[in-house]
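Quick one: structure below, then a few questions.
We call the chains A, B and C, going by the order they appear; numbering starts again at 1 in every chain.
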Amino acid sequence: MNPQFLADGILTGALLGLGGVGLTLAYSILRFANFVHGDFLTVGAYAALVVAGALSQFLGGSGIGPFSFGWPLIVALPVAMAITGALALLLDWLLFRRLRRRGEEIVLVMASFGASLAVRSLIEFAFTPEPKYYSRDLQIAMPLGFGVRATPDQLAVVVLAALAGIALHLLLTRTAMGRAMRAVAENPELARVAGIDPARVVRATWWLGGGLAALAGVFLGLTVQIRPYMGFDLLLPLFAGVILGGVGSVPGALAGGMIVGVAEALAVPFIGAAWRGGVAFLLLLAVLLVRPQGLFGMER
Amino acid sequence: MTGTLSYLAFFATEVLVNFIAVLGLNVQWGFAGLFNVGVAGFVGIGAYVSALLTVPPWHGAPGPGHIGGLGLPVLVGWAGAALASAASAAVVGVATLRLRADYLAIGTFGIAVALHELAANAQGLTGGPFGIAFIPHLLATVPPGGLARGFLDLAITALAAGAAWFAIDRITAGPFGRALRALAQDEAAAASLGCDPRRLRIQAMALGAAAMGLAGAVQASLIGYIAPDNFVPILTFQIWAMLVVGGVGSHRGALLGVLAVWGLWSAAGGLFAAILPPSMATGGASLRIVAIGVAIAASLLWRPRGLSPPGRIVSRFLR
Amino acid sequence: MTTLAVENIVAGYEKGLPIVRGVSFAVAAGEIVTLLGPNGAGKSTLAKAIAGLVPERGGGIALDATRITAPAHALVRAGIAFVPQTDNVFARMTIRENLEIGAAVLPRPRRAGRIAAMLETFPALAARPKLPAGRLSGGQRQMLAIARALIPEPRVLLLDEPSAGLSPALVAGVFSGIAAIAQQGVAVVLVEQNVAAALGIAHRALVLVEGRIAHDGPAPPLRDGKLLARLFLGRAEGAEAA
């Protein structure tokens, strides 16, 4: 077996984990499968592209050290996260909030499916379907031993994704807002009588979910390319990872994403690179049949 | 004059093909409250299965190793299409229907994505991105292109749609439909009367998908050519928009919805083509999707019962 | 000194289907009022309505003679604490996290002190603060739920069947704890099926039948059981007549 595939799988898995965390939080706190989440990745990637493009006039366009990106993209990253979080809140305010009040989960899923198409097509309209790149510089993959090669950007992405995962874990376990989010996910009614304002938790969830999706989107754009369908194409593996890890579990989403990413990569030598959706789908079916509550989930 | 007439025939044909799929979705969502995000996948299964069954063995083989068609009669292809769609829907149903409602959404979404991938990559079976051509027409005696062919297509589609409508109306008005309605009103009561909710839902999934598969097969034989990109999420979305706009739970409302949405879709296409410069044609196509996305979201917010609210039969999710 | 006044409250889950149909009573500081009644009478619904979880369709509540209408989470800050009948702890969180959630409504400097005070009051919880609440025994769970509710030092404590599923010895322990809480000046509303235990500590008893108050009086006379049986049965006769 070629360890290079494993390395590629870890990179994909890190991105899926990061994207899946926001999805699993929204799923457990807002209580619906949000089909716009994939497009949040795309929005984040394009927002960073625009902001970094504007900044490169002032901050210079060349990369730092061995990396292809420079200060413009580093500054653009938090801005893109904020823009995506704000878009998530806007969608909630326009659409989801009203439907939630009617108490029909599945209508929310449908509305999110519609919103997903609209957002994606707006991006396609604004930026054309042509792929874009943060940098035209070609990166040389460095040998890491055992025949594995990776570009500096890829290494940076894996490290940053791991750091983001740790930060999120601390946020959820050590801060009052994090505990409030977990409380609402577990038992919304008890959370209210414990003094937690559900509206604040909902807002925090959208900020966090949107922001993390943007982070994953920028990393995806950095290591692959930026396309209007980049996030939507990831939605099925994202869902598979979230369900595999157990809906609502943040460590589960990270681990589930990693498993899906690695499984896709390991399947490549046998069935080719074009089958990632099929692999994710089979994994999803297997989990639903064998252990529907997921690896880290509890019976619901 | 002939141009207008043949456009009208084409428009009506498209409306009726879509109507068949909307009927299927109405069984799933309107009667059984099942949320299917993979409509395009089930339509696609129908199209590809019918093509593989009916394409003559010596045609449509784009390269060596192509598994090729069986050259069976077109009607056999259509029946096979409905069966194959129903079977794949049942598989997803078995896996997801004992779980939360939105797992079905994710499962159907998954099967649509996986099938699109299969269609696009399994060169030997599906022709890959080039698709399958030379799919036989039901009555190949009339040459394509003319007005006569347009009306022949319309007549064939009308017959297929009428048959599907009749069958589904019969089924949903009979004991099966009554059981579904009882289930929608009070699951516990229905279960205590001897309905097995999970089994009923799997049956509804399969019946609905059969109609979708038939729609795909009819479309494939009219056009004679299919490719993976005919079966993408926008198709799912159009079918949903038609159902929601028309009024969930009523078959006649569904027809109205198809007319309204397909009319809007075509008009928006014409409008964007007229006002946008040709260089922005792809942009116009995107805007059209945005428009329909906004329309469906708005109708969920303000008209959850659709244009033509049915009598008593309302999905329990849209009160 | 009336702490909680419930004024002609009407509440239910769906419009036009009131479960609680015009109930009034008052609870003084330090007083324990027990709310009794047959299954389905609407006791839990009444408690939830006071806590702001079930929409009030009429009437209202006053705390210290001030009318309050607020969403449930704001009522907690106003001084009304509620311990639900079921699922009353966050099972996937640790004991300590459950208490921290209760403390989050307090100003930051007071939080640690209140949590420490509760762990002192309920030593069983102090032993393993990192244990997930879902792994506690029924009695420990009930204590954790009450401790969580008491952290913000509420003026009113609403308890919905705290004895459910507890052994008689544990019931005695929990109820003497409740009596001690009332002695510190908290107005306690105790919904109970365990009539004997509830009447043992209550000052006053209300009997709720079909959403209305069928009896309101001192608790001691009800302890011999005959009057109470008549009140509960009176509902059955009434139902047949209707």
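Observations on the model:
Just so it is clear, a residue touches a chain if its C-beta (ideal position, glycine included) is under 8 Å from a C-beta of that chain, and two chains touch if they have at least 3 such contacts.
Predicted model only: the values in this text are computed from it and were never measured.
By C-beta contact pairs, the most connected chain pair is A-B. Central chain by Cα centroid: A, whose mean Cα position is closest to the mean of all protein Cα atoms.
When you average the Cα atoms of each chain and compare centres, the chain farthest from chain A turns out to be C.
In terms of their C-alpha centroids, the spacing between chain B and chain C amounts to 54 Å. Averaged Cα coordinates give chain A a centre that lies 31 Å from the centre of chain B.
The distance from the centre of chain A to the centre of chain C, with each centre set as the mean of the Cα atoms, comes to 43 Å. In the complex of the two chains, the chain A residues touching chain C come out as 173, 176, 179-180, 182-183, 186-187, 189-198, 298.
Per the touch definition, chain B reaches chain A in the complex via residues 33, 35, 37, 95-96, 98-103, 105-107, 109-111, 113-114, 116-118, 120-121, 233-234, 236-237, 240, 244, 282-283, 286-287, 289-290, 292-294, 296-297, 300-301, 304, 317-318. Within the complex formed with chain B, the residues of chain A that make contact are 32-33, 35, 95, 98-99, 104-107, 109-111, 113-118, 120-122, 124-125, 128-129, 232, 235-236, 239-240, 243, 272, 274-278, 280-282, 284-285, 288-289, 292, 300.
Contact residues on chain C toward chain A in their complex (touch as defined above): 51-53, 71-74, 76-77, 81-82, 84, 87-93, 97, 100-102, 104-105, 148-149, 152.
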